[in-house]
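Following are the structures in question.
Okay, so chain A shows up in both of these, paired with chain B first and chain C after.
What follows is the complex of A and B.
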């Protein structure tokens, strides 16, 4: 391993450990552990949301997809920002007002019931773990590639670090790791984008002309249709993206780390600014990679295109910039997986242990200890899975989380907040059917069933890679049908609930 | 009936709820359609999406880029509008809690 890389990595590891040490001294309560005691400012939280959200799959994958598939890669990248509009308009403030630590809190503030807690906790846990495993596998492969360390060693390092941040530093350490990640990621990509433009004397047309010359696709690089064969595939994917974000537990729990609704809005404005700017830059970097590296070279070094950003960095700034970009990718993964560990931990320790096993009566000290143990367990389990899945293609699990979240968490959350008639049976049927439908449809699809390289070697029954377009309506329908068969809730109760969701009057005035 | 129930039942609050709904839903639904039209057009209106508008920039890229600006603008509008709703909530609660519950 060469010295430049080593210095960058040590620098990041030392910085984040100092933060964890500092956070550990401050996090004495469960409120500190789960939500940093609501102490973040809107600006800080916005940066942390962006840090939580932009995964390595985006940073490396989207740039590569844009470089290899042209327009369709760009099409793919749009949904990531747009989904925040749904969060801001429909979900954010009610979630902030109704919950304390988890999504289970939100649903249970309207339907206080043990079974609902279990289902919500289970859903959040599954989504977080499913998202974490591919991140860890990708991290291991990336670090092996860039630093030439053994796969299992790199997975162990990352798994160990993320567990340490969460167990000792809780949400405070996680938030600051995410904020640092956002700063490093944004400055790195901005620097790269500027270098790309400067290579073409700041002339966009020259850049585009060069892209047309260098890409194997020629002018058709700018036409749709190179990645997605069927339009319904794209619609399905975009639907899962736009609705899935509004149900992702690790994103929504970040709405509790600020103290009031003004800060919630400020957080989302900040994160939308950062995320939007980031994805516009991925377009520039994707084009830059084609123009400066060439699509043949890119394809030759990695057919999935994941090496686009590192190759571009190497072309522009040599070894030093490449080391910097690798360090950014590493930080990106750390920030995302720590956020996921926190949300899986909240599901186990807060929803299941505290509310279901202890019926809400666990003492403060006990809750904190269980939370730390749960974090340790979550870190351990996901690291073990990641170690075992080295040679499996698990990238599809990333899109799976969005589908699962869009077809189980989102319908239930949405209907709880906005539908007067909604009831407990609706929550249960919606969550369970959404979860089962999305998993089953995925297994029947070409991600798992493929005659040459699938987990099940046969022709896929369902031709869609992203079954969101079927799974999401199933989630909604199941929730609605379950409601119609269940008991009716009084309208008066909903009026009160809605008042709290919209204005937070109760907690502000009567508690 | 406590003050909380009174607010939930009050005409002012119902009016606030209506005006909030009138603001949120049309935007949310129109935006959703505008957004889903994008992948559908990429699939079914390829000639239009591949049409070069000026120089070497296609309609499809411009359409995609508009989402960023529209999303930012709508978020800004929401924040401004939400402040006016906050003010109304403040007025209503002041009215019901004026004899100092807080």
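What follows is the complex of A and C.
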């Protein structure tokens, strides 16, 4: 390992540890630990949301996909951005008004029930863990590749760091790691994009001509159809993406870290701005990779295209820029996995321990201690899993997260807030059927069942890579059917709840 | 209170229903037009050096931000109504 790399990494690790130390000194209450005591501004939280959301799969994966598949790769990223409108229009403000620390709080403010807590806590835990493990595996492989450190050592370093941030610094440290990541990631990709343009004398046409010359796809690089073959596949993926964000626990709990609805909206506007700009830059970087590195070289070094950004950096700025981009990728992963650790921790310590085991009677000190223990446990377990899964292809788990959340959390949240007739049995059946349906359909699909390289070596039963178009309606239908079989709730209670959801006004009067 | 709430919900729905409808139609039309009219989508738009497919994709960004800004604008009015309701509830 050479010195430039080492210095960049040490610099990031030291910076984030100083933040954690600083955060640990002011994080004395559960409110500080879970939601930074609602003390962030909309701008800060917006940057943190972007930092929580843009994973290594976006940073490395989408650039590579654009470089290899052209137009379709860019099409992929649209859904990630548009999904924020669904969060902004339908989910964000009610979630902020109704909950305290978790999504379980939101549902239980309408249906205060032990079983619902368990189901919601379990759902949030599963989604966060399933998302965290592939991130850790990818991180381990990436660091091994870039720094030439052993896979287990790199996973242990990342797992240990993310656990430390959360155990000692809680949401404050996590938020600031995410904010720093956004600043570093955006400035790095912006710098890289400018360098790409400068190589072509700021002439877009020259860049495009060069891309068509260098890509194996030729002019058809700019035409659709290289990644998605069936229209159902695209629609299904887009549906899961657009509804998935509105059910992701680690994104939605960030809405508690600001103090009022105005700041909630500003958070989302800020993060949309950052994410939109980021995806435009991935397009430039994808084109730049094809033009300057060439798609044959890219494919030869890694058939998934994940090395596009590092290769491009190496081509433009040599070893130094490559070290910088690797450090960015490392920070990107750290910020995302820390956000997932805190979301899984909230599910265990707040929903399950505090509300189910202790029936809401655990003392402040006890809650904080349990939360820290839970964070330690979550970090430990996911690191162990990641260590064991070195040689497994687990990238499909990332797309799984959006499908699971769009078919379980999203329907339940949406119906709880907006459907007068909805009830407890609807919540339970919706969550459970949504979870089971999305997992089963994925197992039956080509991501797991594949005659040559699948976990199950046989022809896929379901031809869809992304079963969202089937799983999401199942989640909604199960919630609705469960409701029709359950007991009717009083309409007056819903009127009060809905008033609170929309306006944050708590009424004592009867209507 | 009841009057203010009605006003609040009317204003909200007035924006939200058309906005959501438009969003879904506009968003899902892109993959569908690509799938069913690939030749037309690969034609170049007159005067702009882009194909219809790329133009539509970039429009998604513009439309997304326009809708978000419109909502922010409408939400300021809604905030005022919500504050009034809060005042009334305190009395």
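In this section, the second predicted complex is superposed on the first by the 506 of 511 C-alpha atoms of A that agree within 3 Å, B and C clash if a C-alpha of one lies under 4 Å from a C-alpha of the other, contacts with A are read in each partner's own complex, and residues count from 1 in each chain.
Quick note on the criterion: contacts are C-beta pairs under 8 Å (C-beta built on N, C-alpha and C of every residue); 3 or more make two chains touch, one makes a residue touch a chain.
For clarity, every value in this text was computed on a predicted model and none was experimentally measured.
Look at A:74: by the touch rule set out above, it reaches both chain B and chain C. Chain A is touched at more residues by one of its partners, and among chain B and chain C that partner is B. Within the superposed three-chain model, A:276 lies in touch with chain B and with chain C [touch as defined at top]. When the shared chain is aligned, chain B and chain C each come close enough to touch A:223. In the superposed model, A:234 makes contact with both chain B and chain C. When the two structures are aligned on the shared chain, A:10 is found in touch with neither chain B nor chain C.
The residues of chain A shared by its contacts with chain B and with chain C are 71, 74-75, 78, 81-82, 84-85, 88-90, 205, 222-225, 228, 231, 234-235, 238-239, 242, 261-262, 265, 268-269, 272-273, 276, 280, 499, 502-503, 505-506, 508-509. For chain B in complex with chain A, the residues that touch the partner chain are 2-5, 7-9, 13, 16-17, 20, 24, 27-28, 31-32, 35-36, 38-40, 42-44, 46, 49-50, 55-58, 60-61, 64-65, 67-68, 71-72, 74-76, 78-79, 82, 86, 89, 93, 97, 101-102.
Listed in rising order, the residues of chain C touching chain A in the complex are 1-2, 5, 8-9, 12, 16, 19-20, 23, 27-28, 30-32, 34-36, 38, 41-42, 49, 51, 53-54, 57, 60-61, 64-65, 67-68, 71-72, 75, 79, 81-82, 85-86, 89. Every residue of chain A that touches chain B in the complex is listed here, in rising order: 71-72, 74-75, 78, 81-82, 84-86, 88-90, 93, 205, 208-209, 212, 220, 222-225, 228, 230-232, 234-235, 237-239, 242, 261-262, 265, 268-269, 272-273, 276, 279-280, 492, 495-496, 498-499, 502-503, 505-506, 508-510. Within the complex, the chain A residues that touch chain C are 71, 74-75, 78, 81-82, 84-85, 88-90, 205, 222-225, 228, 231, 234-235, 238-239, 242, 261-262, 265, 268-269, 272-273, 276, 280, 499, 502-509, 511.
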